[in-house]
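Below, each structure is written out as structure tokens.
There are two complexes below, and they share chain A, which is joined by chain B in the first and by chain C in the second.
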Partner chain A sequence: MSSPARGATSPGRLRSLGRNLLGLGFVSPYLAFVAVVFAYPFGFAVWMSFHDYFFTAPNVVVEHPFVGFENYVTVLTDPDVRRSFVNILVFLVINVPLTVFASMVLATALNAKLPMRSFFRAAYYVPYITASVAVVGVWLWLFSSGGLVNQLLGDLAPEPSWLVNETLAMPLIAVFVAWKQLGFFIMLYLAALQNVPKELYESADVDGASTVRKFLSVTVPGVRPATTLVLIVATITGANLFTEPYLLTGGGGPDGSSASPVLLMYQRGIEQGSPDVAAAIGVLLVLFVLVVSLINRKLTERG
Partner chain B sequence: MKRALPFAAALLILPLAACGGGSGGDAAKAAGSKGPIKIWYANNPEEIAWAKQMVQSWNSAHKDQKVTAQEIPAGKSSEEVIGAAITAGNAPCLVFNTSPAAVSQFQKQGGLVPLDNFPGAAEHIEKRSGDLAQQYKSDDGKYYQLPWKSNPVMISYNKKMFEKAGLDPEKPELSTYDDFLAASKKLTGKGGAKAAIWPAPSSEFFQSWFDFYPLFAAETGGKQLLEDGKAQFTGPEGQRVADFWKSMYSKGYAQKEKYNGDSFADEKAAMTIAGPWAAKVYGEKIDYGVVPVPTSKGTPAADTKTFSDAKSVGMFSSCKNQGTAWEVMKFATSRDQDGKLLETTGQMPVRDGLTGTYADFFEKNPQYKAYADAAAHTVEVPNVPESIKVWQTFRDAYSRSVIFGKSDPESELKKAAAEAEKLAGQK
Partner chain C sequence: MSAPKTGRKLPRLIVLLIGACAFLFPFYYMVVGSLQPEPSSDPSALLPNPAGLTLGNYTAINDRVPLLSALANSGIFTGGVIAGTVVFGLLAGYALAQMRFKGRGLVFGTVLLVQLVPFQLLMIPLYVMIVRTYGLADTYLGIILPFAVNSTAVFVFRQFFLQLPRELFESARIDGAGELTIMLRIAVPLCKPALLTTVLLTFIGPWNEFLWPFLVTKDPDMQPLAVALANYISNVAGRAANPFGAILAGACVLAGPAVALYLAFQRRFVSTDLGSGVKG
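Take a look at the complex of A and B:
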């Protein structure tokens, strides 16, 4: 009795192993990518953040003594670093809801039967695939003190102007990034909208629901999984803000009001030769993003 | 938006490269070793032209010690690229664009060869550069750089804009702070200039070299930002310079917003702080004159110190044929090659007695004479540990208190001084 049973399970196991092997084959390039490009650097960064570390030439042997939380103390007692985390929080509070709202509304509009729909879909995607440096150039022209926006605003133009205004610099960057990334998030929502059953809209029509009611009661719940994804991706990319404060506000200006943690990581780690301190900022940023993403997830799940 | 991936990748690649690389060997053996070498140079057209002729000239006479040359690879800054190359072990033998401010960091990384390893090196440097050479010594008393060329910064002014503002375009009164402020008022008023002068108000660590530091060098008669580990900028001279710039910003004579482009070339600003490279860049577009940077009481041009904006030649420890590298260094800084550098780029070799040695050039090109005179009175950035951190600390304090007027410069600079002294005291 036992022999046939063994005989019966063996081919099953083999088949199962076969399927697993095939699956493993498919996922292994990505696993290798994650291990080499994300996991190892992250582990190394954590290690660095607890040691006195600086980059040296290959033939130079130096000790990298364990320093405990010293780098974290340096970082947490640095007002510039603390401010950069507040700045990025301001950025996320403006950027993430704006991204979710604008991309969902525009995706819904672009999903309807509009004239020149393909053109509009492509138009929203263009800023996303355009190099940041080029787009920043256009925004500098728009928002500098003598720029087009201030000329249109006339006496209503802010003083000091947008990019040198401590209160407005970071919100402007948040709007810029939301605008630049919009095409990508619209695409996610457009894909999600294809899965919302048309019958629901038809039922709503029969019930006499208005366009706004249909949007709130059918579209928004229908694309909730996409909203969770957009929230998390927008939070992660937003927390890694670098190019805009580097180029748009001249290195995190005015007076550090648009400096981001990644900009400080670049300054401390690459420019100033303190990768250990930069790594400590990086680890704190990862924790910060984890906490914010967790809050986002809880909120969307509850909703 | 740039993600953290490139940064993470850099953190990964650098130590991996450090583990996998291999170079050096015995220092003495390397110092005597001859053979082919690689060099990097800056990527502006004038320096490319000079480097190409220098390399061609060397290679034609040294077939067995061929020099392969290329522009410094693109990056956010040369220092960042060189720092990464040191760590990866693939730095070239020589870089003809080494910033003196980065030398202490490269030295700490073990990336630079002390040139004192080569017989007669210190003598070559000191004979060529005279007293100025001392500013380029590291804290252990050795030369890790050969001071190569300087761009003594001065005030360039647009004659047409000065005339429009009712100012004398040939001999403008700009020697004292009061003169400078009065001229700025006319330039932005009657003259219609958007700014009298428009130094970059951004936060990069090096920006103070082109606003505060030249005036500080002039006001103090040649002090560096730090001397003997002590910050010098909290004294009355530093305070006067800070107050002067604060007035320029608060009165709107200098703009707090960065100009996207070249404000002087676009005639948005009537003045700029620039070195002799300006002659080639602005020479054909703008009719401009040159005066020394102002001081509170006015200093005769011949005695006015200024910032050097110099670049050095560094030899990197990954170089196997250091003997050849040193010979190329000497060749590239010979009297003949220095003359060619002057002719091709308009930049000043850090060489004693410049105007006498190249009298013909200055006779034919009188627009460079003022810069050559200033080159003898230049002040370098202090060669101290954590130099870039020191400058960033200073810049942040200056930006907060002087440019944006958010705090009192005196107390802000005192805080920066304490931090700078702490940083410079680190080994």
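Take a look at the complex of A and C:
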């Protein structure tokens, strides 16, 4: 009866200690993985970019002296690297408007009771779930110099052909990625369209607004949050570009006109054995994505 | 009454049909091309004579890229990633949603933060660690490791478990059930459809992944199909007279499982995609 408050809290404290341990036990495998696969490599990447790092045989201890910004100077004075960042800007300028426009139009068209609705949805989603390597195979064939596209164009076919043409290679990659990812963005916009109040369309009807007017004045502003997301995802996709320049244009060709920063990270870091330089490209790439995302946000918020 | 309605739907349907053709045509072309002995780019080859179609390209690519073992490698890679995603994701997601412990907020913050770290920054250090330091090149462990933990899945699982009523768990705890039992016997069965969707979505990532397994596997016997096919494309494309037949056959084999899985479970993909929006 007279058991003091202390006696009551002691088992309570024990229980809460047990609860804490149990909770930590549940999350510790995840945390251990994050430490090994994310946190450590993240720090390692930044460290590497400021040191003279090269590959050695396992367990060989060598010095990796601190070199300050030397790797960054190497990267920034390398015309190929600068070219690759410009290429990503070209990619974004073509890919983003195309993705936003096409997915918004198709999502709006799909947003109604229609025959064959699930067929359309499946059709749009199939490229998104297919491996890039597989669809690159078809595009290689379609856009080869004697390919179907050039056959149909006849005399209008570009010379040199698409994939070996310095001005057309990167735009074609931008179109390829837009085509491949569109299904995902259509679904995103379709979900966003459910949140646009129906009353807005009804009052636009009362005012006698045309379909195009309604699209521009009700739909486009109504799905702005989704558009912001599209811009961010497209920027990250562009920054991650590797498979397409590696396979579709045979290693960023012609003459580096479709090379991406990640392709250069592979070539400099692993093929040519300068992981420190590649790490510096990686750090710059992340900064690039941050800056582009901030600019995007400023632009979409003001509109 | 219905005539004007269909009339208004017609422009929509035309737009959608043009879109569907643009999306599906390359796939049609891929299949047709893979079945032609000598794929022809002539427009007349778009509707080939069914009698002239063969499976010759499939045996041709199989001679250069052992399809079965490459498919098995893709399957092991994908299976390993799914297993890691589910096991670590369920444990962490359940703890974050339904357990009270010190540091929970910090762990949740980590889950959100990790999703912001881009893979391209980690690519080089992971390559150094896994291939050079730990000597895990050309091993399944080396291919799977960077993808075995998926913070997005932890976040998604946490959202699922948060929606379950807390009383359910409290009463099970009073009955003396351990947390692991509660998770496996109560929480997981109640979230089964949502969990299945996550597994299906996880499948696409490793099955289609190219860059990382490409860096880690140099031994053709260890390469997933995406890597083996890509190597075939980049080595042969310039040299062979008409390499497209074999390339397209390989592409069909690589695309097939993902597309089939999607078509079989289409309803699940769609319902969650829309679910968040409709309810939001």
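Here is the rule we use: the second predicted complex is superposed on the first by the 260 of 303 C-alpha atoms of A that agree within 3 Å, B and C clash if a C-alpha of one lies under 4 Å from a C-alpha of the other, contacts with A are read in each partner's own complex, and residues count from 1 in each chain.
One rule holds in what follows: a contact is a pair of C-beta atoms (placed from the backbone, for glycine too) under 8 Å apart; a residue touches a chain by one contact, two chains touch by 3 or more.
Just so you know, these numbers come straight off a predicted model, no measurement behind them.
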Problem set entry | Overlay on chain A: chain C relative to chain B, clash or fit | clash
For this session: Determine, under the contact definition given at the top, whether A:164 touches first (chain B), second (chain C), both, or neither.
Result: first
For this session: Between chain B and chain C, point out the one touching more chain A residues.
Result: C
Exercise. With the two structures laid over each other on chain A, which partner does A:253 touch: chain B (first), chain C (second), both, or neither?
Worked result: first
Exercise. Which holds for A:177: it touches chain B only (first), chain C only (second), both, or neither?
Worked result: first
For this session: Classify the contacts of A:137 with the two partner chains as first (chain B alone), second (chain C alone), both, or neither.
Result: both
Exercise. After superposition on the shared chain, which partner residues are touched by A:54: those of chain B (first), chain C (second), both, or neither?
Worked result: first
Problem set entry | First (chain B), second (chain C), both or neither touched by A:80 | first
Exercise. Of the two partner chains, chain B (first) and chain C (second), which one does A:270 touch, if any: first, second, both, or neither?
Worked result: both
For this session: Considering only touches as defined above, state whether A:244 meets chain B (first), chain C (second), both or neither.
Result: first
For this session: Could you tell me which of 129-137, 165-173 or 255-263 in chain C overlaps chain B after superposing the two complexes on chain A?
Result: 129-137
Seminar exercise, completed: Overlap of the chain B and chain C interfaces on chain A comprises residues 37-38, 40-42, 44-45, 48, 55-56, 58, 132, 137, 140-141, 144, 146, 240, 242-243, 250-251, 262, 265-266, 269-270, 275, 278-279, 282, 285
Problem set entry | Footprint of chain C on chain A - complex, ascending | 19-24, 26-27, 29-31, 33-34, 37-38, 40-42, 44-45, 48, 55-56, 58, 102, 105-106, 109-110, 112, 114-115, 118-127, 129-142, 144, 146-148, 150-152, 179, 182-183, 187, 190-192, 194-195, 236, 239-240, 242-243, 246-247, 250-251, 261-262, 265-266, 269-270, 275, 278-279, 282-283, 285-286, 289
Exercise. Where on chain A is chain B touching in the complex?
Worked result: 36-38, 40-42, 44-45, 48, 54-60, 62, 80, 132, 137, 140-141, 144-146, 160-161, 163-164, 166, 177, 180-181, 237-238, 240-244, 250-256, 259, 262, 265-267, 269-275, 278-279, 282, 285
For this session: In the complex, go through chain B and note every residue touching chain A.
Result: 1-5, 7-12, 14-15, 17-25, 77, 79-80, 83, 86-89, 91, 105, 108-111, 194, 200-205, 255-258, 260, 317-318, 386, 388-389, 392, 396, 399-400, 403-404, 406
Problem set entry | Interface residues, chain C side, partner chain A - complex | 9, 12-13, 15-16, 19-20, 22-24, 26-27, 29-30, 33, 39, 41-43, 46, 87-89, 91-92, 94-96, 99-104, 107, 110, 114, 117-129, 132-133, 135, 145-146, 148-149, 151, 154, 179, 204, 207-208, 210-211, 215, 226-227, 229-230, 233-234, 237-238, 244, 247-248, 250-252, 254-255, 258-259, 262-263, 266, 269-270, 273-274, 276-278, 280
